[in-house]
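These are the structures in question, set out in turn.
The same subunit A turns up in both complexes below, where it pairs with subunit B and then with subunit C.
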Partner chain A sequence: MSLSSLTKPWAATSYGFLDASAKRELRRKMLKAIAVPGCQMPYASREVPMARGWGTGGLQVTLTLVNPASTVKVIDQGADDGVNAASIRRFISRVSGASETWDTLGASIIQSRHRVPEETLREDQILVLQVPNPEPLRGVEPNMSIARQMHADADYGRLWLTLYEQLVRKGRIMQGAAYPSLVNGRHVMTPSPIPRWDVPKLNMAKHLTFLSAGREKRLHAVPPYTKVEPLVFSDRPYRVEDHQQLVCRRSGIAGYFMNEIPQDDGSSSFEVSDSNLGIKAIRRAEGETVDIGQTWYRGGEFSA
Partner chain B sequence: MLTVSLPDAAEARCNKTFEALMWAMARPGQVRDMGEPGLAPVVEALIDRECVVHSDSATLAPFIANTGATPGTIEMADHLFHETLDIEALVSVRCGTALYPDDGATVVLQAAHGSGTRLRLSGPGVDGVCDITLAIPPAFWSLRAALCAYPEGFDLLLVDARAVIGIPRSTHVEVL
Partner chain C sequence: MSIDMSVSPAPLLPPQLMQTEALLTMRGLSRSYGAVRALRNVDVTVYPGEVMGVVGESGSGKSTLLRMMNLEDTPDRGDYRLRLPDRDDCNLFDLGRYQRRMLCAHHIGIVYQNPHLGLLMRHSSSGNVAERLLIAGERSFDVLRSKARDALDASEFPLARMDARPAELSGGMQQRVQLAKAIALEPALLLLDEPTTGLDVSVQALVLDTLKRLQRDRHITMVLVSHDLGVIRTMADRVLVMRHGEVVEQGLADQVFQDPQHPYTQQLVHAKL
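So, the complex of A and B:
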């Protein structure tokens, strides 16, 4: 054994920014995360040229998966053109040579903050969600060692209690995003701060989902065809946001998750949150041939 | 302006191998192509000096040693690379705890696909049920059922030349 056999040839940068040992660690943890759906797996969370809390967890998963043949879509609250999304997408393509796209149908890896695209994802697609707080028990148990014990015991009574308190105080569930959901009948996860609208899209989905929290150094996964059940009381069915009747003021499409735009007169108008779906609808209305995929919600109703 | 550095041969190999392993785990029972034959590509993609590895393969041993991984017994190892199946030895494989399910081992086994015992898989990643045939005796599956008290358990990667099938601990295996 010589020194040269222990090293590899000099290179200016590592492919895909992360070094080989960081990627191997992430690979091992991603396999474990798939093997125990919804269970949070700790990982080292290396430095990336971005502040923690801005999608570093999702970025590390994407950089581990990416290769020059990948096509990457990055969205921030449904929009491809937000500063955070555009910067992450450009960074990924610069360090990996992967193609960039805004089109959900054309992407092989979709990194997202706070939304699942409206078009149904396929079996060959990977959704990478950036997660600020992966611990559903944080609000009821700040001590993370005790929270870990509660996960081990499947002791989720206090989460039910918070939902019950919301019902008693307000008459309805007030939890708007990151709705606690039981994965594979065993672990409760917080599905990133996606709205209630998006949680059913993870249940028995065709695609693979990774949820990665860089600041909290944990990742979990939802494999395809895995049960994701929001915690609900049997006499209070799960309700998504009342966006069924809302119409997008720019594209005219209805029945999708909308952003509310406050108006000067105190009223609101709405724009479709999945911005590229809106763009495609506008281009189709203008006579272009645009491929719009099957959507999870049809006529405002979930139908997968 | 940054220029994109292309992946070198090792990076491209590891990326392809991992993609096969990941989809194999995510879709239990489906066969994936690793691109290279044998257990060595799995070692290259996953193992480094942070791992404790047990292997029964004399040919693989120098390759594993080169990764810097600590050699260990079956009880200690977080990754096992076995060319032959020794069911009695696997009784002591690490299965993690409900507190730390990620301590459960990853067992990479050489096993012929398409002959031997018929199995029916169900669980996460399987759309309904999936029937496969593997050259692994039924005694192994009863051992696995005894050890894998979900979320405790070990995860299987079954390699036949370039093909790999994953059976994570979450999968229910029925011997037909």
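So, the complex of A and C:
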């Protein structure tokens, strides 16, 4: 008996753009990342036809997950129609045969830059966040190998100290996006530059989240039903952006995260950042039957 | 029949400590850095509530010994035990990094000669104290503030400047911040490595006064390293004399100063007088 009689004839495969060995490495690292929630896993970031820093980390994870039955949604700051989002989405569907969608409810994989959609994600959905800087300790420890040691020892005193210092100097915590959060009571992660508004959506979520940085060559994950706790002092509660009262000037909906549009007269008007939610609200107002899912925030209040 | 003709050795302890169990015991500590034998078979015992002075010339291994006590380094050989409530007795050098950090955060405070080693110069003074509390798990901002304030106050640091950066403070004030950080959690053991060296004489006296008062009011056990015999004399109950990494003499401070046994100690004491 020879080895060849036990195995299938070998043929080079490159489904989904990445070669098989690249995907095998990514799969292993993604499984490890799920096994140790919030812990950063180094991987050999491959070349993809896009500049590093434009979501290559997220793209590599998506390409590893995708199959012809997948439905892919790609957003940039909440919008499906940005140039970058549109070209990433088209690229993924072209190399994989997966379908494209703008609708959060219909997507099986959602790749996103800087936002988590407003409609509550389900167990059968995977969120892939593009991360520019995955290291929450970068500000307190520029040396990466020492930072890794600090994670291993759960040595987060200095990180807490930066929050203390902000309260002392500014009276409030200035950290806006990428708010450092403790995952599963063990590793502190930076949840990519999603706004504070979106961080509670990752806590005990039904869906799986991958966070991947192509330039920094590291990825981490938040598995379903995993605790994600923003680092806050017990007597200084976590606060999301004050968007509860803002109304979208186009769709008229309120109680969601908004983009601020400065006006010539110095005032601002607002548009809902999750653009597909706004579009669906407009179409429903025009009389179409549109499925709008349950949202994480209801009446501006988080309720999951 | 043989009669023991040897003279009984002079008592090593003040009478009130004779019955007490040691807080710190180090046995057979040796450490080499390349060809330099920084510590050679050092034995140290420190009793609760006392001030143990460590003297010796430059390079004799005083700072190395203190770093060992603070678990910053591991010797080539040796055993280190601390008697702490709710802790099993074990050789502390067997502990991993995480356990060492937790033990030090809760039970050991240290003041370095060089404030840059002990302080984050660009954070606030109160933050430097708070960091210690944060490592120990305190998560209330108000409690952090008030405990940091109390510790700075006990170190006689001017509270109006509690949020100033150490980089903006004088050397004496920086030492007080280090001291506040060291005592913030009421440590079982306070290690002081030349805490007043580099300060001018009047500031030095003030810092020593603070240390004395802390010792009197809180009965903190201290190990005080200094090459200044005057400082040791005013502070220490017992003295350990080091030379070339070895302990050459150990005894009650008065005894060592009045009747030094080892030729090196004699030389040291007489040079000073």
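The criterion applied here is as follows: the second predicted complex is superposed on the first by the 291 of 304 C-alpha atoms of A that agree within 3 Å, B and C clash if a C-alpha of one lies under 4 Å from a C-alpha of the other, contacts with A are read in each partner's own complex, and residues count from 1 in each chain.
Basically, contacts are C-beta pairs under 8 Å (C-beta built on N, C-alpha and C of every residue); 3 or more make two chains touch, one makes a residue touch a chain.
The model shown is predicted, which means the values in this text are computed figures rather than measured ones.
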| request: Mind checking the superposed model to see whether subunit B and subunit C fit together on subunit A or clash? | output: fit
| field | Cα-centre angle that subunit B and subunit C span when viewed from subunit A, reported as a multiple of 10 degrees | value | 80
| message | Applying the document's definition of touch, where does A:Y164 land relative to subunit B and subunit C: first, second, both, or neither? | response | second
| request: Would you check which partner chain A:Y15 touches, where first means subunit B only, second means subunit C only, and both and neither mean what they say? | output: first
| message | Touch test for A:F233: subunit B only (first), subunit C only (second), both, or neither? | response | second
| query | Given the touch rule stated above, what does A:D153 touch, subunit B (first), subunit C (second), both, or neither? | reply | both
| message | In the overlaid three-chain picture, which partner chain does A:M174 touch, first (subunit B) or second (subunit C), both, or neither? | response | neither
| query | Which touches a greater number of subunit A residues, subunit B or subunit C? | reply | B
| request: Please state the minimum Cα-Cα separation between subunit B and subunit C in the superposed model, rounded to the nearest whole Å. | output: 10
| query | What part of subunit A is shared between its subunit B contacts and its subunit C contacts? | reply | 153
| request: State the interface residues of subunit C toward subunit A in the complex, per the touch definition above. | output: 97-98, 101, 120, 123-124, 126-127, 130-131, 134-135, 139-144, 163
| task | Please name which positions on subunit A make contact with subunit C in the complex. | result | 153-155, 157-158, 160-161, 164-165, 167-169, 233-236
| query | Considering the complex alone, what residue numbers of subunit B touch subunit A? | reply | 2, 4-8, 10-12, 14-16, 18-19, 21-23, 25-27, 45-48, 50-51, 97-99, 101-102, 104, 106, 123-127, 150-151, 153, 155, 168-170
| note | subunit B partner, complex, touching residues on subunit A are 8-9, 11-16, 20-21, 23-25, 27-32, 34-37, 39, 41-42, 64-65, 67-68, 94-97, 148-149, 152-153, 184, 186-187, 208, 221, 223-227
